Amino acid sequence: APTPEVIEKEVTRVVEGEKVVEEVVVTATPAPEVKETFRVAVVMPSSITDMAFSQSFYEGLLKVQEEMGGPQAMEIAYSEGMFNVPDAAAALRDYASEGYDLVVAHGSQYGTSLSQVAPDFPDTSFAWGTSIDTFQAQGIENVFAYQAEAQEGGYVLGTIAALMSESGVLGVSGPVEAGDAKLYVDGFAAGAKSANPNVNVQISYTGSFSDVSLMATAAETHMSAGADMLTGSSQSVVGAIGIAKDNGGKWFGTQWDQTALAPDTVVASQVYDWTGIIKDMIESHNAGVMGGKAYTLTFKNGGLVIAYNPAIEVPAEIKAAADAAIQGIMDGTIDPLAVAE
Amino acid sequence: MSNLFTLPVLLGILYSGIRLATPYLYAAIGETFAQRSGVLNLGVEGIMLMGAYTGFLVAQKSGNLWLGLLAAAATGLLMGLMMAVVSVTLQAEQGISGIGLQLFGLGLSTLLYKKTLGGVESITGFQPIKIPLLGDLPYVGDVLFRHNLLVYGAFLLVPVAAFILNKTTFGLKVRAVGQNPQAADTLGVNVTRIRYTTVMIGGTLAGIAGASLSIALINLFQENMTNGMGFIAVALVYFGSWRPLGVLGGALLFSFVNALQLWVQVLGIPLPSDIAVMMPYLLTIFALAVSVNRTSKPAALTKPFQRGES
Amino acid sequence: MPEKPDLKRILNRTIEALLPLVGLLLALLIGAGMLLALEVNPLVAYSALIDGAVGGTSSITQTLVKATPLLLVGLGVVISYRGGVINIGGEGQLIVGALAATALAIGFNHLPRIILLPSCLIVGAAAGALWGGIPGLLKSRMEVNEILSTVMMNAIALQFSNFLLRGPMIDPAEIEAGTRIAQSALLPEAAWLTRLVPKTLLHSGAILAVILAVAVYVFLWRTTIGYRIRAVGLNPHASRYAGINVPFYQAISLTLGGLFAGLAGAVEVMGVQHRMLEGLSGGYGFSGIVAALFGQLHPLGTIPASVLFGGLIVGGNKMQRAVQVPSSLITAMLGLMVLFVVSANIWARVRARRREMHE
Amino acid sequence: MTNLLPTGQERIEHLEMVNIVKRFPGVLANDHVNFDVRAGEIHTLLGENGAGKSTLMKQLYGLYRPDEGQIIINGVEHQFRSPQDAINAGIGMIHQHFMLVPELTVLENVALGLKSSRGFMLDLDVVEKRLMQLEEQYGLHVDPQAYVWQLAVGEQQRVEILKALYRGAALLILDEPTAVLTPQEVDEFFVTLRQMAKDGHALIFISHKLHEVLAISHRITVLRDGKVVNQCCPDGVSKTDLAEMMVGRPVILQYDRAPIQRGQTALQIKDLVVGGDRGTDALKGVSLEVHAGEIVGLAGVSGNGQRELAEALAGLRPVKSGQILIDGKELTHASPAQRILAGQSYIPEERMREGAIKDFSVADNYILEDHGKQPFSRGIFLDFNAIERETRTKVEEYNVKTPTIQTPLKSLSGGNIQKLILARELSRSPKVLIASQPTRGVDIGATEYIHHRLLDQREGTVNQENKRVLSDREFIQQEILDQRHSGTATLLISEDLDEIRALSDRIAVIFAGEIVGIVDGPTSTPEQLGLMMAGVRPDQD
């Protein structure tokens, strides 16, 4: 994973980049449309309404678009449901050949395809999530990479949950024991154990990203087994949230602020804020840096945010513990995947 | 790590298993009618999704769960009608038309969901009803007799379906049409009408199966929320040897093992999660392999009827 | 055995074979209505669809890349179907085929291409055959219905794949990077199928699939085993009386169905993805059934049917990009096409019957 | 004179079918047929296989719609779109091919489609009472609770008849209702039919058994190639006359069989015990020997273990105890393939289901058993030239009428399908031939030619010219006789006593799963056999 210093440099470049954009815009004004609209295309495995990974990125794009001045300033195209890699590869190539400035491959499975498409379009920037590989080793210079450190928020939410729990039992349910979900779950468990070594963290996986019904049953099982604080990952957790709501449990969300779904149940969510990364990629591109940077969403660079539900009161001392955890993660004294002594 | 064989765990499995089995029961009992008359409807999955969607949408917009249920049933009925036109009247290959219907239902429900709802929202669904007296029984009272109406409905459907199939003139016609439509035809039984009816019953129940998820058990709609349940339901009909009681057995076995494997995980019993998730599928095959009671399948299953051919 | 060529007969047959296209057009018409409802010009959308399917090298190769696994899975479906068994286990068989080919390629990455490449294909096919053979065995030995067992085997394969890809077979780079995404390492280049057109994904697996389609045709219609499979599929009772071991040939049909799906998985890994990952099957296990039935359950018919169906999917994706409609619209339209095309078959049948009446 | 039947139904005084035309692909099945029947009359429809009898009746029952022509009942024209329309008009039909649902009970089969006295709910108990009455009244005994799949064909036929009787049709069509009944059952059944006619029912009767036709008919209409060729009263008409009308040439219904040379024991069955579908043993220790060059007929009322014996011999039904040997080689538990390899041929009872694949071509059906052997294949590849050559030769030799050898089998007539099966089974030069009901439903015509053929064969010459004019039935019987002279040991299982007596050197009679006795074929009498078929051992009298 990249060190915090790298990220810091990138953050500064974001600021510089903004100036570059302004310059371009200024010089371009008299000339008939040289480069007035920045065109972004994103290819996603799930849908833009998945309440998770894809939606958070798409909404990030919309936010940046708004900031930049609407569709005139930035055009967004997307291909969703591209779980099939050759389809995604076709989409990537297509967008690039249509002259999109930034083409985002929002799925780790797209890497191979991307490494084959990118060299053919040196004037296009590509981005690959979630990964840290920009293919520079293969001599490819126009690919950005990004990923989220899901375990960081997991750790913090685990801390809060452990401290809030009355039963001392926490229920965690994930889809498949891998990737982002596993990092989040492991972080959550580590945070909980660190906050209260006696807490019992129960973990289950449903083996599917979309099995809403089984995810609900998993939550039901956790609650029957005594859990009062629940969390989970993937778009299928919506079912689990309903169970928590109906049975008086509390829920912690990730990837997306899930408060709206159950305002009396969701305590806090780890929210992915991709806007910083998106803006930086745009600005790098406009500054002539076509790729080569690997981003991670962290607390430190503001990509990860803990969004509390204002309707649910979290005791001040617990909030303080959470803040301490965030601080510890930011300054490197806490490893969010390890149980603190 | 705790023991799996404690009363609370067993009661928990019972409770969750009953809930998990609910959508399978509606869909598989409905499919039993269709298959008993000789029509294989592989499109149950698509109908369930459409039922889940319309049930949720109408319940949410009208604030009336019964209207939602009605809408889901009506949607299922319509999609069943579609399947019947294609596979009974137009005599299309049933395996493929089912897959077509499944794709259509998946696509349309998602499209409509995006256009009308745009995101996941939840509603308050059918609430648990305690059955007087029985609900107060120690231990099992909570587990067996505090469910919502659609759960009770699913289990009530089993004897009702068995009764209809075995004790009514309609049921006799259904069984005859599925075994030997030519013979039924010569006795003045309208084969086409019987098949339309059963496929539409199957569709209606599949629609309700979807609604049982979206307005009674999970109380929200999400794209592809059935996640292959429709196909499992079809498999359960085979498991149950085309008898409602057999289907009940299959649905309960599958659901109980699913609930059990979650408990295995929750209790921290060291078994890889993926292997745990496999258990219901493995055990269902295993149970069928070792069971002895095998009613033969409806002889005319998947075979379109044409008068005069023998 | 070929009948005497007769021009009028051939013409009539061609017309009957093309009639299902009417169904396709009808589905497009309803799709146009749906597009209009989404405030999209159907003409623009459909020209994008056609362009995406056949408009240029890139599109055509994409269509062929898509058609390859459809054809392979479809061939397996054809064999199973001819043997009188319904194989809905293509998904699972494809997954285990891909897993096996990946494991071999990575485990023996030092082997020379001439050995590694065919071994990977063979092992992938064998793994698929095993996965199809289990339902076959269950059916022949314990009378377990294959619809039930193949549906269950799909789920088992998926979890099995999850287990391997997040554990024993995970890309070490994923662990190192801490991202822990469930995918295998890249296959050694020795196990990559040759690219046929530079800068496209079209690979030699497409040629292999076509050769195999012809081979399956020869197998089914020119060999004794193929004859027995077809006999068992058409009339198991008479086959039994004639001394054919019916359960055995049913099991063989399922096994061969699995073999081709497994091969499709291996080819997909070796030709397109170059690594095993979640979602590789891409629904080919089901769409292969559709392709086979579009192809009238004939191995040679499945070739154009796969290309047609592949083109529809690829063109549909292009349409999604061009007019920015949700991908679910394409799914719904594909569903309608399947429904209408199978329904249209009845016209062909009625026509054929009428023709016979006058002949 | 009342207009009502004893059942309270209205009578069909006069039904006319006028100028009926019905075409099928390649066939003019009915060519301007005029046919009528009156209340109180038994009108027989006679004709060779494929003459168009069933087709004509199916139009009357609403199963097919006529291409041309009218159906007029009591002076009013009717159009039947479905069997329901025909049923409503008071027409009932006993179908040539059983229209029963095997997985349902007898009672359920009878109740199917009836209006229940309890609305939606089945009233099986009510139906059962009425059914038992009918069974008593007409002497047609079947267990109402038995599943149809458990019943022997004869019993199934009774169910078909009971179904029709229960519905009390004013006009009853009987398409080969006696094909699988024993002579005694036929006699009882005829009493019923005569009573019905007397009561004012109109009856249309179809049978290939000419003595039955003469015994029961008030009027006979003969169809040939879809056309009415004759109409007569039975008085003064002989079987020979009828056969000649049907076939269109003189027919001699006499056999003349010379004694044969018996060879070694080829098929040996020792104390065979085989389970039946109903849980009890269907064969309770059957022993039988068939020598090379000999035809042993197995006579018996259907349902006495014939089917189970045939299936056990074919290797399709497990043997509980006892032995089956071919040429001294133990094959008791062998697979069908091993038996075929050992030189056994088998002509199954249900030819469409068990003997042929209707969607395969004639040629593909011809190689069904031996496709894996020379000359039909080399290695795993089929040799089309050889297949075509062989099939063509045999199709000609056995006079199978088919447009080409690539024609799907399903478009051949039943008789031609049976001839193809015979060609296939006999061309293998089998050591042992099991022929199960080889001529059931195949038209009668004359048996004379079989005899000639047999004599020809003995002299080592085959009169091909004569062969061409054989009817299907004659031809098949002839071929079975010929087979003896190739040293084939034939076990002929048939419920047709005439056939058994005409062909067998020895006749074994089976009753309740046991061989009651074995008698010499040529000297046997129908009376003697009839007693044995009822279970009376020859030594007992």
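As written, the chain order gives the labels A, B, C and D, with residue 1 at the start of each chain.
Quick note on the criterion: contacts are C-beta pairs under 8 Å (C-beta built on N, C-alpha and C of every residue); 3 or more make two chains touch, one makes a residue touch a chain.
Quantities reported herein were computed from a predicted structural model and do not represent experimental measurements.
*Asks:* Spell out the chains that contact chain A while also contacting chain D.
*Replies:* Neighbours common to chain A and chain D are B, C.
*Asks:* Could you give the separation in Å between the centres of chain B and chain D, each centre being the mean of its C-alpha atoms?
*Replies:* 45
*Asks:* So what's the Cα centroid distance for chain C and chain D, whole Å?
*Replies:* So the centre of chain C lies 46 Å away from the centre of chain D.
*Asks:* Taking each chain's centre as the mean of its CA atoms, how far is chain A from chain B in angstrom?
*Replies:* Each chain's C-alpha centroid was found; their separation is 36 Å.
*Asks:* List the centre-to-centre spacing of chain B and chain C in whole Å, with centres computed as mean CA coordinates.
*Replies:* The answer is 28 Å.
*Asks:* Two-or-more-chain contact residues of chain B, please, as numbers and ranges.
*Replies:* Residues 110, 114, 223, 272, 274, 277-278 of chain B touch two or more partner chains.
*Asks:* So which bits of chain A are touching at least two other chains?
*Replies:* 47, 176-177, 207 - these are the residues of chain A that touch more than one other chain.
*Asks:* Following the definition at the start, I'd like every touching pair of chains, please.
*Replies:* A-B, A-C, B-C, B-D, C-D
*Asks:* Touching residues of chain D toward chain C in the complex: what are they?
*Replies:* 23-26, 314, 316, 335-341, 346, 348, 353-361, 363-364, 367-369, 371-372, 377, 380-382, 384, 387-388, 404, 406
*Asks:* Can you tell me which positions in chain B touch chain D when the two form their complex?
*Replies:* The touching residues are 167-173, 175-176, 179-180, 182-190, 296, 299, 307-308, 310.
*Asks:* Could you please specify the touching residues of chain C with respect to chain A in the complex?
*Replies:* Going through chain C, the ones touching chain A are 52, 58, 62, 65-66, 158-159, 162, 165-166, 170, 173, 177-183, 186, 199, 201, 272-275, 277-280, 282-283, 313-314, 317-318, 320-321, 324, 326-328, 331.
*Asks:* For the complex, which residues does chain A have touching chain C?
*Replies:* 1, 41, 45, 47, 77-87, 89-91, 93-95, 97, 108-109, 112-113, 116, 120, 130-133, 147, 176-180, 182-183, 207
*Asks:* Inside the complex, what are the residues of chain B that reach chain A?
*Replies:* 8-9, 12, 15-16, 19-20, 23, 110, 113-114, 118-122, 213, 217-220, 222-227, 229, 258-259, 262-263, 265-268, 272-274, 276-278
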